[in-house]
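Naming follows writing order (A, B, C and D), and every chain is counted from residue 1.
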């Protein structure tokens, strides 16, 4: 394992020190609790948006803290959900009197830790907390009897859109409603060319031969659903688009198309893949109204790509276009 | 070699198709000449800024085309400078009547191809063309008798600042002057943990063992000056800062500090390294006025990091803060 | 249960986890995200770093549970934390320290895990080791040592039985059929907890 | 020089480059950026795809030079392009096709390379193969075939001599001392050009 770190135990806390040093104008960091906070928060009268999860997905979530997006992000250990103490600290810190929305990716650990934190925050301080659980990964077979789908790329789009809605002064019920709707209308699919190495583990989570790829991966370096021979970009685009469209009808409304690099795939390939994906979508009658290309929800240095489609409406598009000022996503200001 | 491509011959042209599909609002692409153009260009009365170089450094340069930065970027083959035809096409396309500035990184190929293009553009159309050659890499021993230093990270800062100055209506002489000054006041140093694979070559340019790193690398996957045992983040920060400060005195004026991922190094490590570098700079009495952290001038999927310091002044800082709207760098609008 | 026994149990478990952290992480690498060993180790190191001054075993184990909740994260933090919190709750007010009480405490812990994680038998989780262990303890309440060793033996069997299962809960469920053929990490660490108990609590 | 000879030269060079592209790229991987083979191959494929209809060798080679400038990029594009442009320029108006004229054309090409790239002998570039080759041709003007084969032999020696050199021009110069011990890719491709010439131009 080769990483630019000092010790496997301090990766997250030292990265947070660097983040604070790099963005003193926009971020404030509660180092004891490992919570990234909006510098100008809590914003009085605004619903506080709290997300978080394991580290190793940067810029998500800490890089999405700021005006028009999150109020706080809790940084867990690498690929390990944060603990309730962190989430409670974040919830208290962002409470502007209008309640707090937790944005949770659907992993057993994340869901349980956020649940415990919400129970405690409500009991201890009477803060009204709602939660939305994002579960958009079509690679996972969903059923009543399983843990359900993983939360992946839709999370980024949701944090942006709901962040804009919160900034616009919508209340907790309205935000919970639109967040739930976004989670229901987003679908993702990913593939990997390499695995990645969790610092504490010291070696790659799985091994792929030079002529293999892994289809249906999540964002924790975990193996996917299927190991396949390495495909061309055109074939790979098909493999990503097809299961997404098979799961939800994306025709008939504007779509936000998000092509995401997993961390180790250069932008050159991401753009090439965007072109291939756009071709397939056009042929399938999907109207892309907005797009996002880049490494926004990553698995450390994993090489690979994910596709997220969100069935949007005019309201969501307006919120998508609204100003956002975070280290990871910025426009309009 | 595992890459999300269709064929090694079409990587660049297909990536440009994807780029156009992803940014139809901001970019226009001359596919025959592989030139990325500002959608609303040429801007009449404004000096046109043209850069370019080998592909594989994305988002540089194509991702820096747009309001407040470049007017055009010429995309060469991967790690191969563009040809004069492309540069001429770009020069003609961006000419708004106020002349054109070529921003060239100091590589033999880039310098010669831009020179030939400038000669031809002047001869054929009478366009006034000036050039600035960026040569900021302190890893390279400089002498009258060699090709001189490579152009690396300072290029990004220069394109942003001079882009803002051009947008503000400064004339070609003023832009050439400030560009030359920036080039003289920027210094960079890089290190790599892995090499990268040029698609047409099919295998990594060099091999590094699991306990080795390469100090003093450029941006073309080429080996560096020294192979060293893998170091901690704190040591690596020293190795980057020290030769930069030894080459130019950065105390006494505000500094822009740019910590750049080479492509395969996750943001988590980049932030961690930013923190380490900030500590060393503070101890050395360097005042960081602005900072930039991210993968902006890359070597495909190379894992590694570079540090660029630019000795700025108030004018440069104001230009740095000015609005910019490109796929790769955006703020203020 | 005496405070010193509870502390010996946690100390033993912490040492065992530390020795087996690489193994647990390795199991988790195969069907999860390669962190179960480091998660549990981080938590148990925090537990043994606790002050040793507690009025009784129940308050100590409650604090240990809270410590796991606060330091582990992931799925195992809330689950192991809830286990100990409920286990401690069942000890509160118990005056005799016999096999009956022991089985009751483990049962309470198991129910906490189930109510928090919603996993049932056969879902390929720690429940598959914990539930048969608790049932075996409940069937052997004549002697505390025998109670614990039969719990351990049943837990080991339960752990082994997870190997062919297709996971329906936790991260391994994302793998679908591919999760079969790998032993569940959480079931494996539960057996370490049972081993430590058999060594220290009788 | 007859048009057909010039075209045979370029065709032979293109084939040789294509056969040796991997070798050239490999040399460039060691002290450069692993593209000299693909650069030259891209350019020469474009040259042989040119229309075959030209008034004379000079206008054909001029077009070939422009084609290299327009398709190769990097350092070798302008350098090889300038070489052929100047070579063609020296042929213009030449009526006899002898060794004198041949040497004069190569000299003109060499001077183009030097004025474009500013490299001198010992800088570990293509000049280190090209310059001795031109000098050897100039010393053997009695017979065209002998002129070309002695140029080739001197070029080979010049190429071999680049191995111990420390580069002062081109990308390899960034490596400083570490560039020593590797043969220069551009000097290597110049020898392929000389080989093709010896086979086709006599």
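Assume a residue touches a chain if its C-beta (ideal position, glycine included) is under 8 Å from a C-beta of that chain, and two chains touch if they have at least 3 such contacts.
On a predicted model such as this, the values are computed, not experimentally measured, just so you know.
**Q** Take subunit B out and leave the rest in place: which chains still touch each other in groups?
**A** No subunit B: A, C | D.
**Q** Provide the C-alpha centroid distance between subunit A and subunit B, rounded to the nearest whole angstrom.
**A** 29
**Q** Suppose each chain is reduced to the average of its Cα coordinates; what separation in Å results between subunit B and subunit C?
**A** Centre separation, subunit B to subunit C: 54 Å.
**Q** Measuring from the mean C-alpha position of subunit B to the mean C-alpha position of subunit D, what distance in angstrom results?
**A** 31
**Q** Going by the touch rule set out above, which residues of subunit B reach two or more other chains?
**A** 78, in rising order.
**Q** Using the contact definition from the top, classify how the chains connect: line, ring, star, complete or other.
**A** Line.
**Q** Write out all the pairs of touching chains, ordered by chain label.
**A** Pairwise, the chains that meet the contact rule are A-B, A-C, B-D.
**Q** Quick one: in the complex, what on subunit C touches subunit A?
**A** Contact set of subunit C toward subunit A: 25, 29, 32-35, 38-39, 42, 69-79, 116-117, 168-171, 173-176, 178.
**Q** Could you pull out which subunit B residues touch subunit D in their complex?
**A** Touch residues, subunit B against subunit D: 54, 76-85, 107-109, 112-113, 116, 137, 139-141, 145-147, 150, 198, 200-201, 203, 205-206, 218, 220-223, 225.
**Q** Mind listing the subunit B positions that touch subunit A in their complex?
**A** It comes out as residues 1-7, 11-12, 14-23, 55-56, 58-59, 63, 78, 193-194, 210-211, 213, 230, 232-234, 236, 259, 263-276, 278, 291, 293, 295, 298, 300-301, 303, 305, 325, 327, 330-333.
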